[in-house]
Amino acid sequence: MKLHAVGVVSKPKKEDVCAVAPQLLDWLQQRGIKPVPDQETTSCLGWKPGTPREEIPAQVDLIIVLGGDGTLLAIARHLGERPVPLLAVNLGSLGFLTEITLDEMYGALEDVLADRHRLDTRRMLEAEVARRGETIARYHALNDVVLHKAALARIVDFDVIIDRRFVSRIRADGLILSTPTGSTAYSLSAGGPIVLPSVAAMILTPIAPHMLTNRPLVIPDDSVVEVQAQSSAEAVYVTVDGQVGEELHSGDCVSTRKSGRVIRLVAAPRRDYFQVLRSKLRWGER
Amino acid sequence: MKLHAVGVVSKPKKEDVCAVAPQLLDWLQQRGIKPVPDQETTSCLGWKPGTPREEIPAQVDLIIVLGGDGTLLAIARHLGERPVPLLAVNLGSLGFLTEITLDEMYGALEDVLADRHRLDTRRMLEAEVARRGETIARYHALNDVVLHKAALARIVDFDVIIDRRFVSRIRADGLILSTPTGSTAYSLSAGGPIVLPSVAAMILTPIAPHMLTNRPLVIPDDSVVEVQAQSSAEAVYVTVDGQVGEELHSGDCVSTRKSGRVIRLVAAPRRDYFQVLRSKLRWGER
Amino acid sequence: MKLHAVGVVSKPKKEDVCAVAPQLLDWLQQRGIKPVPDQETTSCLGWKPGTPREEIPAQVDLIIVLGGDGTLLAIARHLGERPVPLLAVNLGSLGFLTEITLDEMYGALEDVLADRHRLDTRRMLEAEVARRGETIARYHALNDVVLHKAALARIVDFDVIIDRRFVSRIRADGLILSTPTGSTAYSLSAGGPIVLPSVAAMILTPIAPHMLTNRPLVIPDDSVVEVQAQSSAEAVYVTVDGQVGEELHSGDCVSTRKSGRVIRLVAAPRRDYFQVLRSKLRWGER
Amino acid sequence: MKLHAVGVVSKPKKEDVCAVAPQLLDWLQQRGIKPVPDQETTSCLGWKPGTPREEIPAQVDLIIVLGGDGTLLAIARHLGERPVPLLAVNLGSLGFLTEITLDEMYGALEDVLADRHRLDTRRMLEAEVARRGETIARYHALNDVVLHKAALARIVDFDVIIDRRFVSRIRADGLILSTPTGSTAYSLSAGGPIVLPSVAAMILTPIAPHMLTNRPLVIPDDSVVEVQAQSSAEAVYVTVDGQVGEELHSGDCVSTRKSGRVIRLVAAPRRDYFQVLRSKLRWGER
């Protein structure tokens, strides 16, 4: 893959970034590749101020993420329709998404330049918030769309409709609509299953449901899931990938479906999905 | 039991209350017992305004609750050190605490007058909120004390200390400290066990914990459980019995222990704890 | 759909069968359709002995099942490559698979004759048991393939391999490989998610896993899942749809993949999948 | 504590035992203490054959366990009414019960000799199997009493009665009756809570229950829990501490209550219960 310009996006206030970034930018420049660092990356360099994150995707052929899953989710929001490949390097412990270690970074970059790399495509969800029939917000989620009651709110009932068929009124703290990618994040904490990224599905996981029989639901990814929160006060929030969110009004409807967008991850050269699971979840080896 | 005055506390805006209350007040008066209704009870009567709930316990020998578990939790907060017996009548479906049906109400009252009744004592928890070394609030809980992050808050870590020994830093949406009585309420939804009321224990149940090995913990009820939320922003709330609550400041410490207070419930004449469980949880009969 | 012959397969020792079968056989004959009852069905009639179940599918255009999910699973095993439609009538309580009530039976049959019916196709799994490199058994499952340790056996480790990649060594009582159809059966009891029948997936659910992070796994249905039980003694059994099974030898490998076979269910005229879930799991209505 | 004779009980076929045992026996003899090794311990020594395990408790003041939790459970069965203290050394990874490491062994022994040690008392359960009104077997369990269906058995219903009151008919693979000590063993795998050893309770945990509302139950430890398995065939087994067991007949009743026996563990000098939990369950530190 011919690289003309490469974005570098970093975790904020991370000493490790300062230890890594200068050498990485040099490495790119030595190969005639223009580095496009964001402001977090340049903060510890003598460089001119970095490029705003949201402007990076349009300018580059590849984005290197230095951080953790949170940093990757943050830049994923700005990719838009153009799925610039992401090479995600974890600076702390291995992430579910940031599966390339610092040791492997330059090798992985060499692989990309030599077209020896593998790209792992991950689907996203699109959530639309409708208020009195009008769309007031639209989000794209790599991990999940979450509806959650406010901390002091009393009981909230969520009406769930899949493909125009009523499923149930679920009394719960909240509902998670997750991609397979997000199945190892918040949904797992709430009791959801692990769904391999190649399964064409989304997962609806209730958080602390009042009825013990309200269990996680795995739904075809060409379905549309509508959720309407029934609550007396304005006491329900929607959040996307744990990053952005807003308060819903009573009667608002959140429709979630497969997004037209995807992200493409440069796969770790010597690590498959199950190795990441084994490592993150501390499963046994043979 | 000789009854001089009996409080009557009702669920708000409940048509059933209006259908029941007049006859009940008559019934009491005919037996020379002074009824002390609250404002919810008198709202549908021609009576003078009712007595504020918090003043009722000091004036009566027994309180009749017309409503559901929520109404009972509300009056339990006002009992103070004097455990006036509660005769809790469910107006809707059977409650875990309001286990006397409307049909059984007069029979249960006759039993009380004839000393044929059984009192079921339920322990409570006391939670103390300390800010910079000073106690700023104190609560008594019949069901539970809950610490929960705000809906838009990111990750919150809860440091848990039991009897001055560090237990763990738990990353979760929240933590529930529950009595055995509360074990069938919110704690059950979050994955906690059912604890019989006669077990001298409290239950610490994490809500959607990040680590799957952070499981509910059953603790002796003579322990003190301290929880301190670690979060950058003021983004954690404490709520008691789902009724009252407030925002915590960073560094606040919530200590929970057995309360000196108890409540005493008039037991349903023909229904034991397991019958209530079977009915509420729709378990099988033989 | 033109019906020449219709099989009737019944739950054994069921009084309700005797109350229904004579009228049903008459109904078919009056319409010029040849009834082909099994031995359970004829047991309470003056008829000649019924047809062995395994011979019925080859002789008929439709099979009426009188019983519950167990009876349906039993006949499903004999369908072979020819997916004769099944009209499954529950004689007791509503089943996940037998969703037509007795009241609806004749209406559903009329619908079939008038081509107003809808067929619901359900995928099956195929499991192959290999011993020292040779296939010694092959099964087709509508619900699930289960590996389980013997009751007195000590610890068993299951090595799981998906598409020739090692997943993990799982220490557990057993492993369930389930279709979406089976996701509401044994897998649900063991903590698995509910997977809509239209999701192209299978579910691997561990039973009482030693590691709490060994959670249910949703796998694309074009994968091959190999499981090898590691145990000192011959102490592991494989069972299929809870109906047939056998003891495994040490070193045996069970490979499970999508079966070429399907079953086709006549859908209840006025009941969708979510209505069945709501009813069976006692979820709330709006 | 004056030690005249000390038993040494080892895990079978464990190379580590051979590396440790000779020095340990010497150490004891040098202090004028008579070592009483079992046959597993002497297997790698030039010693005369060891003492049968069941004879050791009557001859010694302390028993050193070299192995893991399984070895400790095995000797616990032979202690009888006389709770000889156990000093349990884990040779592999830290156990829930064998919390003293090899490095700490001699220090812990010095502490015992100097009366600087702490003894941790753990309660046991007693299970009685009655057949046609007669007691046919009696067991003492440190961890748990388990009733489990045979691998090929179909549905089993367990009728549970606590203190002569009917609780429920539970359809499940099995039921675990666990001590607080056993709450971190099999019961945890089946979804039970962690119960601190100081809570006076036992835990009833269903294994893969058919009804999702059949949740773990925490019961006062002065209760009697009777379980009767309802199954057509002789298809249910009882096992105790995963060590001994037998097949039940239809109609057999298993009654479990607090045992008169306890075990006493020499506590690790620098490790409390929560440290063991954190280590075994890989919880976070502060």
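In order of appearance the chains are A, B, C and D, and numbering begins at 1 in each one.
We adopt the following convention: a contact is a pair of C-beta atoms (placed from the backbone, for glycine too) under 8 Å apart; a residue touches a chain by one contact, two chains touch by 3 or more.
From a predicted model like this one, the values you see are computed outputs, not experimental measurements.
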{"item": "Self-contact between copies chain C and chain D, residue sets same or different by half", "value": "same"}
{"item": "Result of counting contacting C-beta pairs for B-D and B-C, higher pair", "value": "B-D"}
{"item": "Most remote chain, CA-based centroid, reference being chain D", "value": "A"}
{"item": "Centre-of-Cα separation between chain C and chain B, whole angstrom", "value": "45"}
{"item": "Between chain D and chain C, distance of the C-alpha-averaged centres to the nearest whole Å", "value": "40"}
{"item": "Averaged-CA centre spacing for the pair chain D and chain B, given as whole angstrom", "value": "37"}
{"item": "Contacts with two or more other chains, residues of chain A listed in rising order", "value": "188, 212-213, 215, 281-282"}
{"item": "Touch-based graph of the chains, sorted into line, ring, star, complete or other", "value": "complete"}
{"item": "Of chain A, residues touching chain B in the complex", "value": "148-152, 154, 172-173, 186, 188-191, 207-210, 212, 236-237, 239, 242, 245, 281"}
{"item": "Contact set on chain D toward chain A in their complex", "value": "212-213, 215, 282"}
{"item": "Contact footprint of chain D on chain B as seen in their complex", "value": "159, 162, 165-171, 180, 183, 188, 192-196, 198-201, 203, 211, 213-220, 272, 274, 277-278, 281-286"}
